[in-house]
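Per-chain numbering from 1; labels A, B, C and D assigned in written order.
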Amino acid sequence: MTARAVIDVSELPSATMDHRSTIWWGNLMLLCIETMMFALLVGAYFYIRQNFYEWPPPKVHDPPAIYHAVPLLTVPTINLVLLLMSCIPMAWVDRACLKHNQMSVTLGLVVVILCGAAVIIFRFLEFHSLLFKWNENAYASAVWTILGMHLLHLFTGTLEFALLLSWLLLKDMDVKHARDIRVTATYWYWIAGVWLVLYAIVYLSPRFL
Amino acid sequence: MKSGFGLLTASFLILISGCKREDRGFRVSAPAANAIQAISLDPIHPGGASTDELIKNDYEENAYALSEGKRLYSQMNCVGCHAHGGGGMGVPLMDDKWIYGSRPEQVFATIVEGRPNGMPSFRGKIPDYQVWALVAYVRSMSGLASQNAAPNRDDHMHLGPPESSREQQSPKDVPPTK
Amino acid sequence: MSRRAREHKAWRFNVGAGVILLMLFAASGCRGSQNVLNPGGSQASHISNLWWFYFWITVSIYCLVLIFLISAIIRTTRKPFVPAGSREVLPTNSDEERRKTIFIGAAIGLSLATLFVLFLADLFTGRSLHSLRAADALTIKVTGHQWWWEAVYEDQVASNQVTTANEIHLPVGKPVQIKLASHDVIHSFWVPNLHGKKDLIPGHPTTLWIQADKAGVYRGQCAEFCGHQHAHMRLLVVAEDEEYFQQWLSRERSNAHIPETENQIHGEKVFLQTTCVMCHAIQGTVANGKVGPNLTHVANRRMLAAGRIPNARGYLAGWILDPQHLKPGVQMPQHNLSSDQLQALLDYLESLN
Amino acid sequence: MSALVLEQKELNEPLERVALERVWKRPPGFIGWITTTHHKDIAIRYIVTAFIFFALAGILAFFMRLQLSFPENNILGPDRYNQFFTVHGMTMMFLFAVPVMEALGLYFVPLMIGTRNVAFPRMNAFGYYTYLAGGILLYVGLFLNIGPDTGWFSYVPLSGPQFSPGKRVDFWAQMITLTEIAALVGAVEIIVTVFKMRAPGMSLNRLPIFVWAQLITAFMIIFAMPAIMLGSGMLAMDRLTHVSTHFFNPAEGGDALLYQHIFWFFGHPEVYIIFIPATGFVSTIIPVFARRKIFGYTALVLSLISIGFIGFGLWVHHMFATPVPELGQSFFTAASMMIAIPSGIQIFCWIATLWGGKPQMQLPLLFVLGFIALFVLGGLTGVILASVSLDLQVHDTFFVVAHFHYVLIGGAVFPLFAAIYYWFPKWTGRLLDKSLGLWHFWLFFIGFNLTFFPMHQLGLKGMPRRIYTYAYDSGWANLNLLATTGAAIMGISIVLFLINVWRSRHSGVNAGPNPWHSPTLEWATESPPPDYNFVYLPTVQSREPLWDEVSPPVVCGLSNRKRESLITTLMEAAPDHRYELPEDSIWPVILALVVGGGISWAIFDPWAVPISALLTFIVLCFWFWRGNEPASLTHHVQSSEDLQLLKSEANKI
């Protein structure tokens, strides 16, 4: 039994729900990696643009041939609005987690998962509004890759919410799982924010730049 | 644990068959060249069944030979008449209709002997082992060569799915129309 | 002699040997017809001067750093000997630290200035390299193929256009424009004695201006990995006086030599009836294949197969029968010619000068 | 949280040690071995696997040197030689250099910042097994003649679908995807561990420079690796049968230069990702053997940070010979020269530290001196290469081969050997043999110079890179023969090193917990350190904790009934909350099998991607589904019968 100067940490909380937790920082690093990936994809998109006189290139492979084959706007805009709207129930779930209100978190998650599923379905429709198949030319390849990578994130976010929802339905929610839901909420905000930028690049830049 | 293991052993078996697909045979002896004498245009033989056993052109498994075949297809100006398989002056090659037989030795005979209505004879003009590479490539245009070895897209305009992603057309022997 | 001193002596010996080795290499490295430090053209001499400027500055910086490093080690012999693994930790007195900070600040300032000088030297050399222009200069279109070079001497009069392969002739003292384009993968046109290298990238045609000041035969090589035979994709640049160049050019423009002897006629028949005619072109005969090099004046080339073999009858025979043995992976097929066909073909090809 | 709350307390150390031993012990036998999530087990596996790949790549390099020793040699044909040099380059860059540097970080960062494990232990295990899958994929490919043969950077269109038939370049692309996942995982580990789990009192200006180097390397990995994953992904999509996009097809708007930009945007930070941890080793070793504090701590940290930033701004100096506009090229010349300044500052600070101390000629310091001598030479040839005009002459020649071997072997492998000789006592509790070590150093130093110094000369005499043979009349024969003999000497020295490591593992001189009397925290615990690293987490009051006179207070109150560590705030490292680390688990291995198998299968069939994505999600669900912590369990052993049980175990030891 030796007496030594000591810092007693036994009273400190066992988990926190905000940026002080390690999982929040891990998620931030993931967002840095994916943002870098999208930045390079957008860079490649504009680099390929130098090789074309007409951007996007005329659609000639199957009739009707279109000279200025700019991607259509209706379905993508609906999808964008839907994705941004899904951030409202997300914010509601976020606040409910802070208040440990398990019932409203469960309900909120169901709404978010439905919004996510809707956005995914609209994304599959959105691929047709690009007017090209992915293997027709470099423009189509770049644009399909941007939409495809973002679709991968939509799947990941929605399925992660489904997993968290199934935990809430089977077991009760403690601080750790509330923290996980808030971290995934940050990930969902990032998905919506990145799509705002990518939407402008894929759909608006050919029209206005 | 089992699913992962099953996946890995499956991909390992594919890898084993890989080495044959991948070797760059530069100085290669052609497949049985003397079998050419045994070819006949139609299967009817006096005295019953024909004796020619099926010749297997192992270039159809080798990715390097198929890509050499594709290079020769454009360099020896087959493109001039047959285009990229869709046909023009020459007959289309990517469909399932074969006038003079679709088996490797029959396509070999067509190239070497030439055919009426414009197909020139390339005997002596293209060495045998390069003709076998052309035969392998021509058959891969209708999906008859192995999917993994068939050439992918080339650095030219996009003309439709490359040979590796065309589904296999089961060949039908069709008598010449004219 | 204590172990520590022996180690320092080993250090000093090593550094000394290193510097002498450096001198030996620097001196012995300046000959040869494919050598950066043996300039035959104006641009290569600019770069070579820049090289020696950089070389002596970097060597002096390197010796300075080594001297400081070794003296930092040797200074301890004057201090009391510290047994290995002693727990004692030296205090750091502040004025010695300040003196070191000032010294390092000066060293950084010096290296900053040196780097700036090096950067300016490079900037001026770069400008002089790119300033070589001439209005109606000779233009050669060099196309890189998988593992050989095609050179086309452009001319307003289409019939005066000359197509040759793997050997480029230049007039001495005049700037020449070389238009670079690739037929398949990325190659890199590099003749060290005349100029730096320039990549031939499909989709990015570029030009390179070179000028040979000294007559001579300079060797170049493809410098960007381009497949199996990247090692044997060499070219020759023959810089000669104006009248010799014009002689060569007029001979290249003429049609192929008409075969006279009975063997040469038989050789031409062999050439036109077997596989050669499918790929090669001989101006003046019916052979007009664009796949392989143009053989109209193949006899007066110094090397064959992009520098793989010298232009001699024995090598040419071996090359025709089995090119895969000399350049495995090359696109020229093997041939099984009978011996008289081969001899006739060799006679014919050797008559094409 | 409140400032450091100090109080005096009675601590029963043997009881705490036994309790922690029981909680942190991994299950016995193979199950324990495969499911371990201890950062030290994973890091040792990384290091051992990386050195196996180092030996394999060394053998490939020796075959290349044999082929090049005589003109028109026929030991290796062009096809085999292309595969050998490509796999040699890829193994050294992706399977040896980056992983071994990261592994030393994963081993020592938790120990040096005084915590029990990395932030996400199971993800760390997943990272190792994915790296292993990538390595196996490459070498299975090489032995089945499907090894990539278009060079470690596989320029398009040679590596495109038309000019590389078969599946060789697909193996290249998928192997890179796997090893980069592992690198990214390691980087996230190190960043979050350093930010959130430092010992109380270790504010950012008291962080050891080794940890600073690993942190900056991790940030460079976070921003550089996405570029290579994108580049290899685009190339794989261009080549795959039913996908065949046109990113690099000049006829359909694609661009070969786009590939070069994307690759080298990753390529140059990659070589700094290899070099910066090496400076971390040197900055740790020099003060210990000069017996004084490091000189210019702030200068060294700031130069590390500036190398991290400038490293991203000079990738075009690999493309000076391509038709990139001249103005852009001169900008990148300036940036390439500018990065010589921070490297210079580091060299000056190290020499100043040696100048003020009493250097003891131990093996780690000998390797560090070798490092300084060779790295400065490599850095100066780098300045030569930075100038556009000179680079036009020496780009893609053996001059460049000499430069990057001086900077990578001299700049990274020498400090790596110094680090191994320095930390071997911490891994095994035994010192490496001194005489064998001296033989290893001098043979390696002389062999290295004999091999790579003549290559400067060969490059100037016009010998390009990656040629499988050369003509008789080229005049390169003698220097190549000299280089081959040098390579043989290097080979012998590596064999001596491996013998030394193998023998000293058990029969080396017994070294106590701190044989070199070093200041950093990893020497505060025994060697080899127990699974839980520290019985009581240390606190820190200066940059050299073990060289302080007064021993600082320790942290108590962490549970010894489950695996727990302490989370501290970012800037001042004040205690914030307790963090329960997960138990050992099998799921990382299964996920790595699924991801590795799926990505390898995707070479042959694009449908493998959605299928393996679904399988990955299912495995991740099992991974996530951990039981809740029952609220009733007190987090600290107090009940009496537990006490009796532990006491009996205590006096059994």
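Keep this in mind: a contact is a pair of C-beta atoms (placed from the backbone, for glycine too) under 8 Å apart; a residue touches a chain by one contact, two chains touch by 3 or more.
Only a predicted model underlies this, so the values are computations on that prediction, with no experimental measurement involved.
Set against the C-alpha centre of chain A, every other chain centre is closer than that of C. Between the CA-based centres of chain C and chain D the separation comes to 36 Å, rounded to the whole angstrom.
Each chain gets one centre point, the mean of its Cα atoms, and the points for chain B and chain C are 41 Å apart. The geometric centre of chain A is 51 Å away from that of chain C, both derived from CA atoms.
Taking each chain's centre as the average of its CA atoms, chain B and chain D sit 48 Å apart.
Chain D has residues 79, 157, 163, 244, 246, 249-250, 252, 255 in contact with two or more other chains.
Along chain B, residues 24, 26, 153, 155, 158, 161 each make contact with two or more other chains. Residues of chain C in contact with two or more other chains: 202-203, 228, 328-329.
Contact annotation for chain pairs lists A-B, A-D, B-C, B-D, C-D, with touch applied as defined.
The residues of chain B lying in touch with chain C in their complex are 24, 26-27, 71, 75-76, 124-127, 129-130, 155. Contacts from chain A toward chain B in the complex involve residues 61, 135-137.
Those residues of chain D that touch chain A in the complex are listed here as 1, 4-13, 119-120, 123, 184, 187-188, 191-192, 195-197, 200, 222-223, 225-227, 229-230, 234, 237, 243-247, 249-250, 252-255, 258, 261-262, 265, 536, 539, 552-559, 566-567, 569, 575-580, 613, 617, 620-621, 624-625, 628-629, 635-636. Looking at the complex, you find that chain C touches chain B at residues 202, 228, 273-275, 277-279, 291, 322, 324-325, 328-329, 331, 333-335. Considering their complex, residues 3-4, 7, 11, 14-15, 18, 21, 25, 28-29, 32, 34-37, 44, 46-47, 50-51, 54-55, 58, 61-62, 65-66, 68-69, 72-73, 75-76, 79, 82, 84-90, 92, 96-97, 100-101, 103-104, 107-108, 111-112, 115, 118-119, 121-123, 125-126, 129-130, 146, 184-186, 188, 190, 192, 195-199, 201-204, 206, 219, 221-232, 234, 307-308, 328-329 of chain C touch chain D.
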